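This report concerns only the one structure given below.
Order as written gives the chain letters A, B, C and D; numbering starts at 1 within each chain.
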Amino acid sequence: MNRLIELLAIGVSLGSIYALIAVGFAVIFKGTRVVNFAQGSILLLGAYIVAVLSPHVGFWAALGFGLAAGALGGLALYGLVGLVRHGDHMTLSILTIGADVLLATELARRVGSRVMPTGDPWSDGVLRVAGLTVPHARVAALLSALLVIGLLFVVFQRTAWGVSWRSAAADPEVATLMGIRLRRVRGASWLIGDALATLAGLFLVAFPNTGVEAHTGLLALRAIPAVIIGGLDSPEGAVLGGLAVGVAETLVAGYGDELGFLGQGAGDVTPYLLMILVLLWRPSGLFGSREAVRV
Amino acid sequence: MRLSLREVSLNFGGVRALDGVSFDVEPGSVHAVIGPNGAGKSSCFNAVCGIYAVGGSIRLGDRELTGLPPHVVAGLGVARAFQNIALGGADTVLDNLMVARHHLTGAGFVSAGLGLRRVRREEHRHRLRVTEIAEFSGLADVLDTPVAELSYGDRKRVEFARALAMEPRVLLLDEPVAGMTYHEKAATVALIRETREVLGVSVVLVEHDMPLVMGLADRITVLDFGRVIADGPPAHVREHPDVLRAYLGAHP
Amino acid sequence: MKTGPGVTAKTIRLGAMSDLSGAVFGPLGRTQVQGNQLYIDKINKAGGICGRRLELVVKDHGYDVQKATVAFSELEPQVLGITHLLGSPITAALEPEITTKKLLTVPSSFASSLLKSEYLAVLGTTYDIDMINGLAHLVSKGKLAKGDTVSHIYFEGEYGTNALKGSTWAAGRLGLTLRGVQIKATDADLTAQVTRLKSDGAKAILLSASARQTASVAGVTRSIGLDVPIVTQTPGFDPALLDTPVRAALEKNLTVLTSYAPYGADAPGPKEVAALFKAKHPNEPPNALVDYGYVSAQVIGEALKQACTDKDLTREGLGTAYRKLKSLDTGGLMAPMDFTVRGAPASTQTFISRVDGSAEGGLVAETGLYRAQITPEYKVG
Amino acid sequence: MSRPTSKVTRYAGTAAALLLLLAMPYYLDAFWLQVGAFVMAAIIGAIGLTVLVGSAGQLSLAHAFFLAVGAYGYAFLAGEPGAGSAGTTLSGPGLPTTVAALLAVALAGAAGLAFSPVAGRLHGLYLGVASLGLVFLGQHVLFNARPVTGGFNGRPIPELSVLGFELTGDEPDLVLLGVPFGARERLWYMALLCAVAAYVVAGRIVRGRPGRALRLMRQNPIAAASMGVPLRRYRAGAFVFSAMYAGVAGILIALTARRVVPDHFGLVLSVEYLAMVVIGGLGSVRGAAVGAAFITGTPLVLSHYGDAIGVFARPGEDGIDAATAVRLLYGAAIVAFVIGSAQKGRPHAITITMDRARRALPGVSRRRLQRQGR
């Protein structure tokens, strides 16, 4: 029982990091109907910048630069996608794959074999509550995710900007007629989406992991099942999907012996299995908008 | 063959797009469906084509269409020309018209891949027929041109010809002259008349151009907010108070 | 003098096939190739072997079997032997051709299953024997006692399964309970697995994985308050880990088992390699894999010298000469090696080291060379 | 689909190219023959993918999975039971190799069909992302189903032979025109035969009825359905077709590499195949072939000439090595080709104004049209 609770705690804190990335995917998709496959390399970019700068300017300033780099990276991608006038959404998503290959290769070359710590203030501290031990970094991740995602939802629901974002996402043509500047609103989707990924990246490389590595970006792929399970165009669903993936992955890894029939190392693939099952049941994810069209 | 709609209803997340719509399209007639924007005209077409699942009954002759998937409806002889041109842009006019022969032909992945004689003959036969239809529609010169290189009016015409190439019993035309020049409109009207005369096809027409509709249609159904507010010959509909309100209410 | 492929009147060509661009193994491959080159430079400076200069042809396969087969068919006709072949799937793929072409090859692997192959020269101890020595060492130090539970986290594949074989055998002999946990090379966060070990009551963690898993295990054990020895093997340690937050945990709990001496260890061989490395790559962080790369080339070099004496610089000649190396002394880079017995490991002594962040290369000797009492009873294969 | 300018020149060109390819083994050494075999395998796989992604508009990142099904299917079905590497015990029915090869292709098709309930329900992007899962699940199985797959170190590949004549091996000895026809020469011809057949078949499908239906389905599924195209069946059909092509490619890759290992069939491979079809122009069979040759051939050739060119860092030294350079190159190629092809793209509906005179209705066709085509 204790083990279950401990694993759940780990799963939820890991899931909150996935949720950040997944919300990023969903915001970009909802805003512009593009699946940003470059989310992973943007995450790596942000974390890399933090790791490079933090010895010189301190962690918090480096964090600012890292988030800015991630957000600007998102904007740059949006600019790139904007170059394609007549492409459909699939073509645009393929474009992000190309961008991802470019950026990830260059960053991997720069990082090389190094493990680059980000110098975060949580270091290797741990919190012990009621027999549970959770790293400070993961507690911070959970709280930050709650705060940032909560704030984002408030902005979407309550502010004028949020209303224009939502209407632009729902019907671009009508939104244009209402005087909403699509380019700005869409650019903001990329900016927010990739800043979220960067923040998640920071926590992903923090304790108990050791730092930025050449393939840190691959971890963002885990958020893909999360966002699909929730529904590509549903930021709310992405939160749930992220948590579900984090918990499922941790439980399967933690109960590896009992689940031996799944094969060793099944924790990694559990999210994908879950994703395919959910898709068979609901082709647009749990909260994705379904189309009335029967084709 | 008569196309009849009975009490057709369709909901979109609480909004009633179609609300108990009933009307008949007599064989060989030109039947217009008109109404203000958002009145449910295109939904009506989508319902007939099987793209939306609706309540009520839609019949073609004796055959119930509701519940059938779109490709089966197409196979039964319901063809549609789309309002926003839905052609394969990179493909030639000929290829675009050949798609319409899909339900009349049978080559699959295997037989097409192997280049069987049967497939080659079928292709040849249908190519001849499609060429005839293209000639009829005034597209003979551009058969080998990619659709994307055509003018807007010509693409509208390809859209029409493609529906014709399905050898339909009922032809659904969604705003066939929208955005056309005066001359193009005249040509299209002539084409629709010819089609009905020559092929005896029923034509269902959604169109905003009132003079054109009044001159062309045998019968008109007026929709507003998903409901039929008037149905009858042009002269009758023109005088109908609800129609006047629906149309003129916005411009007092 | 009979000569074979790769041998001219003035040169002898050797090959190295490595992963120099891949993310996981790239860094390891690079260092070993550098080690190869250090030895070759040194020999050439001293006039070569058999009056011929040595040349090293390096091919990158990116840890991809497809690229490796192509690279091999290009490399094979032009070399006499191979000083470095990285990647166990790749070794498995190329092994049939290596055998038919009689191409003496040093695989970058210590798997005992490779001993079967006539032309694969596995240096030093094998993974299974390292684990036996390591486990017995913990018992002899009193860190483990009969009845204790030990967990072994291992990679799928040759390296992990071979190590597990050794640890399982040793656990049986030492009265320990062993639990194996298999992971993938790409698993970076082992929180769930280690949490599991804690509830199993593991008294020590054996780790046959790579450095990133070592980092994760060290970090997680600390974060969940599991203060037990961690024992890892050759690929499981990288000095780069010392710049990370887990340094303290590593220094406290990590023991590293290797076939070769720690970088810059106090013996003539390691000292010489360290000096050569410093001179050639002054700005690169040192790593004990340089030692291993150096020895790999040295074994081929010694075999070449023997072949030269035998007046047979063909591939068969090189193969025969290598089987004549009985107690090859590498100046303390590795334990003395004996290649005359087919199917047996060249040595059964393991270097046991602990982590010291202030040492160059990050490792210092804990026992020096160590062979447990039970080790000779173990049957390889 | 372009107008047949001069059929004679085109046929002559094709014949010359084929003759050249047939003569290659007389001039090339083992390295080039092997590169050629890998390239031709990739061409087949890429053609399969371009029909799926380009014609049918179904983004698939699962291609590596279907390649693996073909490769492993053959390895297992033709394999004999015995000891594998790293202590695994291999099982295998040891079927005649040609039977095993055909079954492996069928198996790949069946895998495509099995995935098609997912594929048929999802459109474009959802499918692309879901197919990603297939790669990871597939690799998981490859690593774990040891008796079948051999686990981490994979399985050896039995030579393909017909009636005792090895099509990919050295037995029996064969010398033609003074050149010994060993494994690599035979493999070259095998791969060439398969690639040419795959090219021709795919070209016919793309130009024919299924291709037209798929293309319209991609651009406008509702219109396609309204033309009588059963969408689900066609989506599934495209998947099965592409999976079977991947199956053939997988077998050829396995035969050339002589061993299959799970590491090879990962996400990177899927992305490489996607790059091939994007570079070649989505939906173009010829483009896919060119893209495949570029993506597969360049790294192999660059590493061959890398030292000679001297632009790239030598293995083990600092700087951009050939492998990294190639990855950067194809990343950039994807970006450039997507942007480039969409830029010149199709003119926008509204931008073109129409002032051409209306075309008169030719009265002659009236009578002919009355003959109903049904």
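By definition in this document, contacts are C-beta pairs under 8 Å (C-beta built on N, C-alpha and C of every residue); 3 or more make two chains touch, one makes a residue touch a chain.
By chain, UniProt protein names: A = Branched-chain amino acid ABC transporter permease; B = ABC transporter ATP-binding protein.
Values in this document were obtained by computation on a predicted structure and should not be read as measured data.
Relative to subunit B, the chain whose mean Cα position lies farthest away is C.
A count of C-beta contacts for the chain pairs B-D and A-C puts B-D on top.
Rounded to whole angstrom units, the spacing between the C-alpha centres of subunit B and subunit C is 74. Subunit C and subunit D have Cα centroids lying 39 Å from one another.
In this assembly, the C-alpha centroid of subunit A lies 38 Å from the C-alpha centroid of subunit C.
Listed for subunit A are residues 264-265, 268, 293, 295, each touching two or more other chains. Taken residue by residue, subunit B touches two or more other chains at 50-51, 69-70, whereas all remaining positions touch fewer. Within subunit C, the positions touching two or more other chains are listed as 30, 156, 184. Those residues of subunit D whose C-beta lies close enough to touch subunit A in the complex are 53, 57, 59, 117-118, 121-122, 124-126, 128-130, 132-134, 136-137, 140-141, 143-145, 221-222, 225, 231, 267, 271, 274-275, 278, 282, 320, 324, 327-328, 330-335, 338-339, 342-343, 345-346, 348. Listed in rising order, the residues of subunit A touching subunit D in the complex are 29, 33, 35, 80, 83-95, 97-103, 105-106, 109, 221, 224-225, 228, 232, 263-266, 268-269, 271-273, 275-276, 279-280, 283-285, 293, 295. Taken together, the subunit D residues at the contact with subunit C in this complex read 30-31, 34-35, 38, 85-87, 143-144, 151-154, 156, 184, 253, 256-261, 263-264, 299-300, 303-304, 314-316, 321-324.
Residue ranges of subunit B in contact with subunit D, taken from their complex: 46, 49-51, 69-71, 73-75, 79-80, 82, 84-92, 95-96, 98-105, 107-109, 112-115, 119, 123, 126, 129, 132-133, 135-136, 138-141, 144, 146, 148-149, 151-155, 162, 166-167, 180-181, 183-184, 186-187, 190-191, 194, 198-199. Taken together, the subunit D residues at the contact with subunit B in this complex read 1, 3, 200-202, 204-205, 208-213, 215-216, 219-220, 222-231, 237, 240-241, 283, 346-347, 349-350, 352-362, 364-366, 368-370, 372-374.
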